[in-house]
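One chain, chain A, links the two complexes that follow: it is found with chain B in the first and with chain C in the second.
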Partner chain A sequence: MKFLTTNFVKCTSKACDSTTDNFPLQFNDCELIQEEQEFKPEFLLNILDRLDWSAVLKVAHDLGNDSLPQALPENVDPEDPDTLALLKDLHSLLLETNITQGEMKCRACEHVYYIKNSIPNFLLPPHLA
Partner chain B sequence: MLPTPDVAADYEKVYEPAEDSFLLLDCLEQEKDYINTHYSSSPLVVEIGTGSGIVTTFMHQSIVPNGLFITTDVNPHACLASKATSLKNGGTPYLDSIRSDLTTALRDNIVDILIFNPPYVPAEEVPGIPKSEDAYEWLDLALLGGSDGMVVTDRLLESLGTILSPNGVAYILFCARNKPQQVVENMEQKGWQCEHIMTRKAGWEVLSVYRFKLL
Partner chain C sequence: MKEYVIFLAQQHPTFRVAELRALADLYKFEVDLSGHDEKSPFLIVRLENDDQASKLVSRGILSRGIYELWGVGDTEEELHQDVKRRSSHLWEKYNQCTFKFDVLAYKGKRSNVEKIRLIERFGYLDFHGAIRMKNPDQVFTILEHYTPPTEHDAAELPSKYYFGREVELSGRSRGVLEKYDLKKRKYIGTTTFEAELALVTCNLAHCVPGSIMYDPFVGTGSFLVAGAHYGCLTVGSDIDGRLIKGKGNANIKANFKQYGMPHLFMDVLTMDFTHNALRDDLVIDTIVCDPPYGIREGLKVLGAKNPERFEGKENIEIDGEKAYLKKDYIPTKKPYELDSLLYDLLEFASRRLPIGGRLAFWMPTANDNFEPTIIPLHRNLELKHHLVQEFNKWSRRLLVYVNHGDGYNGEENRAVTMHQEFRKMYFRSRRGEGTTLADQEKEE
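Right after this comes the complex of A and B.
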């Protein structure tokens, strides 16, 4: 599962939908690998528009990365060298970082979901579904 | 004609592309202009029940090359197959596959383009999830849709409003025994704009695809 996906997924329990703690999930004991992808600045800019940045920060922290800026720059200009460096970092984090194994815990109900063979499993056991 | 993706899947455990899959590809080809004029260059495209991944691979190969792609399936073999099929055809910058029921693991209102070729065959009931990964019952899950073949699709239609982004659309496939005209009437009453895209006879089934969008 790519890092970017952590920005799209939440706990599947209906009961947790009424809380704000069902997203992002909390990541524990994760194994990561980097998988190379071509760097396309415009594609990354399109992605930035959709990101929940505070969730990116939380998950990055879970995975041991505290080097990201607290906020994204207001005007992202890929011509600017500092911005370009940030985009490259984000490219490597969001699109190249893969979680191959690990756990994802809902902060509301504390249910733990597992990632195996890079596939996160969100099926709930019958008594919770 | 756009190229049909080359599939990487074990058909003992994953649905083999068939007339329904190919109808969906033809519909999406016909919808290419609509999709490219209505959506940003990187829409979030989600395919439920991806099976071999042929439909999502076709989307990134031929319809929206800059899209973001998530596939879901209850079948773990399908989740792996959809990534493998994508890679076999050159891959795309962002595609992930998650094992889940419908889109229940996705945050609300983020999906721009939703695609579903559901288990649509009328049956006594919708099969449960097999206990073992090696079970041959995975293929039953691909086809059997309970009463009128609509049990799974109905659950999706009920929650469509919380899944799609404000401008989002869903492409859903039906067989005649699903009574699609009745489905469309019900959805229209709830404020959905329903567009018939294509109908085709496939053996003894008559398959059709509709597009749903909030007015």
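Right after this comes the complex of A and C.
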């Protein structure tokens, strides 16, 4: 599971939809690998609009990375060398970082979902479904 | 406005106009397609310029190519007269470039010698440029439509001729179908959707580079591959983790590597569509899928069929740990109605698609007991295409919707259909009209 995907997924229990603690999930005991992908700035720019940045920071923290800026720059201009460096970092984090094994815990109901062989499993037991 | 002739594929004639319409809509220009005849693969259209012509077929799967029309005729003589009348002002423009001639025939053929003679009879165009078989500046094409008198006899001469300058060839003509042929794909399964109609579906769904596409019933990932062909970043999910995982090195991700587009694979998740993990405010540009066909074909959702049997089971512990929190825990599932699932899909799409975003899915017409088929409608979604593919004993439909948001106030039929349809089926069987749910229940 790519780091990017951690920014898109919440707890699947309907009871948790009324809280704000069901996103992002809390990542524990994760094994990571870096998988090289071609760097395409325009491609990344398309994705940036959809990110919930505070969730990016939280999950990065769970995985031991506290080096990200507190906010994304207002106008992302890939011509600017500082921005380009940031985009490269984001490329490596969002698209190249894969979680191969690990746990995702809902902060609201505390249910734990597993990631096995890079595939997250969001199925719920009947009493939570 | 100029006239162009489109050479269409013979396959899926009912889907051809829809694909052209969808591409014109995608690139936001008007085109009158009313001249389309399902029996003929040739269609004359009027367009502003070559750019529009190119856009109309370059992504095409059910078209072959588009040509600036230089002449038409029922006989060769008529064709030449028309070429001289219509296009003599264009000849000079092309008399120095490198070029070649092509002869494309529908339902007939000519020997090479005859082809050369046919081409030589265009000598009056007076082109002086060099002839190049590879990468010429221009290709001039003679399109022939033969009408064989019976299935077993060949027609001697074409019943219609078109002559034109090639503007663009389609994806089909550039070999896309061979590329995605399932026989050569690394990971496929029994549910894998054929490449041709999967790609057509993605054209109707407006899959474009830089957008996000989601398949909620992803199975072996056939729609993800088709969406990625058009540049989408793709994500899928399925309740059956085995399909997603694949076998050894054969899996969805491997298919993306095989086709040289690993960066367009985001992820596949094991999850029940009706208990969805994608956050509510995530904008998904396009949704494309082939939902499960029914209870018998594995349509399941999370939950217990007999909840009383599971009461208290959440407290069961194994080795001091709650059983449902163990890594190898497999949750129970219960059957669900296709109707309900499709309305869930429409509701989901209406919330996640941007305005103008499209949902495209295939709906089975399960069997006679379900007639007349009710097409699900949602107040925010416009049903843009409704296409039927007939098989011997059954048919399926491709439905394409456009999201217009809360202000649209379209027709909605959720509440009406479900119960009525169910009742009709149920009681028909009581009157002895074949097996339906009532009998199945008795059997169980």
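Worth pointing out:
Rule of thumb we're sticking to: the second predicted complex is superposed on the first by the 129 of 129 C-alpha atoms of A that agree within 3 Å, B and C clash if a C-alpha of one lies under 4 Å from a C-alpha of the other, contacts with A are read in each partner's own complex, and residues count from 1 in each chain.
We adopt the following convention: a residue touches a chain if its C-beta (ideal position, glycine included) is under 8 Å from a C-beta of that chain, and two chains touch if they have at least 3 such contacts.
Please read these numbers as outputs of a predicted model, since none were measured by experiment.
In the superposition on chain A, A:112 makes contact with chain C only, while chain B stays out of contact range.
Contacts of A:37 after superposition: both chain B and chain C are touched.
Look at A:53: by the touch rule set out above, it reaches neither chain B nor chain C.
By the touch criterion defined above, A:12 reaches both chain B and chain C.
By the touch criterion stated above, A:125 is placed in contact with chain C alone, chain B being left untouched.
Touched residues of chain A, counted separately for chain B and chain C, are more numerous for C. According to the touch criterion, the shared surface of chain A, contacted by chain B in one complex and chain C in the other, consists of residues 1-2, 4-5, 8-12, 17, 23, 37-38, 40, 42-43, 46-47, 50, 95, 117, 119-123, 129. Across the interface of their complex, chain A is touched by residues 210-212, 233, 235, 237, 239, 241, 244-245, 262-263, 266-272, 275-280, 282-283, 302-304, 307, 310, 313-314, 324-325, 327, 329, 331-332 of chain C. Contacts from chain B toward chain A in the complex involve residues 40-42, 44, 66, 68, 70, 74, 76, 79-80, 83, 93-94, 96-101, 104-108, 110, 129.
Interface of chain A with chain B (complex): residues 1-2, 4-5, 8-12, 17, 23, 37-38, 40, 42-43, 46-47, 50, 95, 117-123, 129.
Chain contact summary for the complex, chain A toward chain C: residues 1-2, 4-5, 8-14, 17, 23, 37-38, 40, 42-43, 46-47, 50, 52, 95, 111-112, 114, 116-117, 119-129.
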